[in-house]
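Note that chain A is present in both complexes that follow, paired respectively with chain B and with chain C.
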Partner chain A sequence: MKPVIKMILIIFLLGISSTLAQSSEVKVRVDGLSCPFCAYGLEKKLNDLDGVESINIDFEEGLVVLQVTNSENISEEEIRTKIEKAGFTPREIVFSGKNEKPDKDD
Partner chain B sequence: MLINFKLVSISLLLFVSINLYAQGPPIFTDSPLLLGLEGGGIRTFGKYISTESGQTYIQPLVVPYNVTTDFQIGGIQPYVFRSPNNDESQSGFGNFTLFGKYSIIQIDGRAKTFRALLKYTQTFTTGASNVSVNANASQFSIITGYVTINYGIYGTVGYTFVSSDLPDNLIYSFAFGYPLLPQKYPPFQLNLFLELNGTHTLEVNKHLLFVSPGLQLMTSSTFLIETGVQIPVVDDRNTTKFAYTLGIRFLFF
Partner chain C sequence: MTKILYLLLISLPILISCKESGEESADLVNNKQWKFVREIKIDNISPTGLQTDGEYLWISDAKNNRVIKTDLDGSIVKEYPDIKRPMHLSIYNSKVYVPEYLTDKIKIINGDEIEEYPLKEKPDAPAGVFVNDSLIAVVDFYNHRIILQNENEVMIIGKEGHKKGELYYPTDVALVNDKIYVADAYNNRVQVFDYNGNVLKVIGAKDKINVATGIEVTDDNIFVTDFEGDRILIYDLYGKLIHIINEHLNKPTEISVSNNTMYVSNYAGSSISVIEQ
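== the complex of A and B ==
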């Protein structure tokens, strides 16, 4: 294999591994989530946070799961503020993946 | 006591005009949740009212705006078509209404919430005289609701002050909502509602109570279509046959 192609391949693999290492999940317990029609505002507010890739809402568990590129860029306080501004009550927030943080109760 | 039938009729029409704007989840009763399609969106719906004296069709445009999480203001502009039995049809803009809602109680739990708010509604005599009531109206109400992912219970009580020597009204509504499909997000929902919507006109002591079944379909988080019929079970004037509603709501910001 030519050295140039090897170099490109190495850079590509490093890029992928770096991205995978930084991607992580934030689980947020949200109280007051009782109807899908009212969750749109919550999705919009959380999407404003830096690095949010996707949002999954589980109504039965009252759980919002954020996939983020790097959870170090998001603070717990920011998440709580966004949820309150959307009209709901934030509870425990758990950072998982590379940047795991301990559970916290209100 | 000699009853002034004209006053009663105008008063009942005023009641219908004010209360049909309480469309949202649920369909005919106001909701204490200032979220999603209840705030920051646009609503319109057609309401067909059949009475002994003729037919009326009302098409309002409702624009609510959430100033804060707890405070919402909005405006309502209806367009009214009237077709009296023994007269020519008439149409024109109805009276403009401003409203404000302020949340006073929010108790959230896992997959449930109890909320209450105060609502003030002011209707102005801006409409065309042939299709509008020539009276200002101020309505104060308290709206409550307990909503879980399995059902929703809503209630409203209020008082309407009416100008121009017309009688005031007491209003009340109760709604029970039941989702026919599992709750998920993004939503695809079919909701069943059974509602009671009543008014008592003071001074002339007349009562009107509708039983209002309805269906609501949400195809996305930003679009909802709903329909319902209001059947009078108590109508002291014996004038209203029924009212049918078909409406949509959508969010665009």
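== the complex of A and C ==
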């Protein structure tokens, strides 16, 4: 294979892997979030998870939205365990792509 | 005649009960000394902590990871950024003590400088702090306890639970007259301890507080925020409820009293309520 073609192929493959590693969103419904001390406490605990880029918690809606670098590295079980250890009850967990429109009624 | 006596006998307990209830509400009305006077708007800020030195307000803006200093009309005078989720504040000797919830540190705002207080025992999510002459008390939210530290030693007050003397997700603390007053948030009450960790009093357990997030103690009164109930409950130092404020509050988090003026941070209202005596 010619060096130029090889280089193009490598760049193409790097591009694919970078796309796969793009951040995605995980939405979690949580029971028991009553006040900012709870909400920021849960944020503190979820920050320990690998690959978490940002966390947004709406305690009035009971909705936690995680931006993660690669959702394949985080399991639903891990998230549930973290939330339970923080003193709350996790309900449905939805993994979705970064650009998917958030829906509060999930 | 027997019938009349019988009726009197039946109605006596009811009459007594009505009188007692009437006395209680009359007592609350008679003590209604605090009146809402104005609201200070602090747009786009959901305050988690508040203290005043009488001249300025110090506000924890947890959402934006900063503490702000405003004048008494809410105009920002100075901003202290990069404080990770600041919570209940304490002012002592012109220094502002800030619990940094995300990093488990206590930061000190000293003029333009920000220092770190050397804690001997690490908390997990410090929700509140109180400093006096020789002591610092730190509310250790996730370990359900108060860390009391002086120059030489550390004392642990409380442990997880719901019984007398136990704490469940405490959020605020005050040290006044050699007593430790704890906002025992998710036990919906206040508990008072001595410096040896003995519980002296439980306050507000029957007053239907729904998350007791903040506490302020003066020479005469104990003020408690009822976060979900949108109320301030005011007790005397014996723990007797003497007044309830339930207007112009929107998810109150903390109270600071200075010169007969009470400032209350409204988390959902993005405002400070000013209530005067």
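What we mean here is this: the second predicted complex is superposed on the first by the 77 of 106 C-alpha atoms of A that agree within 3 Å, B and C clash if a C-alpha of one lies under 4 Å from a C-alpha of the other, contacts with A are read in each partner's own complex, and residues count from 1 in each chain.
The rule we apply is simple: a residue touches a chain if its C-beta (ideal position, glycine included) is under 8 Å from a C-beta of that chain, and two chains touch if they have at least 3 such contacts.
Quick caveat: nothing in here was measured; it's all calculated off a predicted structure.
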Original post:
Here chain A is shared; do chain B and chain C fit on it together or clash?
Top reply: clash
Original post:
So which one touches more of the residues on chain A, chain B or chain C?
Top reply: B
**OP:** Using the touch definition from the top, say if A:57 reaches chain B (first), chain C (second), both or neither.
**Re:** first
Original post:
Is A:84 contacted by the first partner chain B, the second partner chain C, both or neither?
Top reply: first
Original post:
So, does A:47 touch the first partner chain B, the second partner chain C, both, or neither?
Top reply: second
Original post:
Which holds for A:36: it touches chain B only (first), chain C only (second), both, or neither?
Top reply: both
**OP:** For chain A, give the residues common to its interface with chain B and its interface with chain C.
**Re:** 34-38, 40-41, 43, 60, 86-87
Original post:
For chain A, which residues count as touching chain B in their complex?
Top reply: 29, 31-41, 43, 57, 59-62, 84-89
Original post:
What residues of chain C sit close enough to touch chain A in their complex?
Top reply: 46, 48, 62, 85, 87, 101-102, 125, 127, 141-142, 169, 171, 185, 211, 213, 227-228, 251, 253, 267-268
Subject >> Parts of chain B lying in touch with chain A, wherever the complex brings them together >> reply: 25, 33-40, 69, 106, 108-113, 147-149, 152, 183-187, 189, 218, 221-222, 224, 251
**OP:** Using the touch rule from the top, collect the residues of chain A that touch chain C in their complex.
**Re:** 34-38, 40-41, 43-44, 47, 60, 86-87
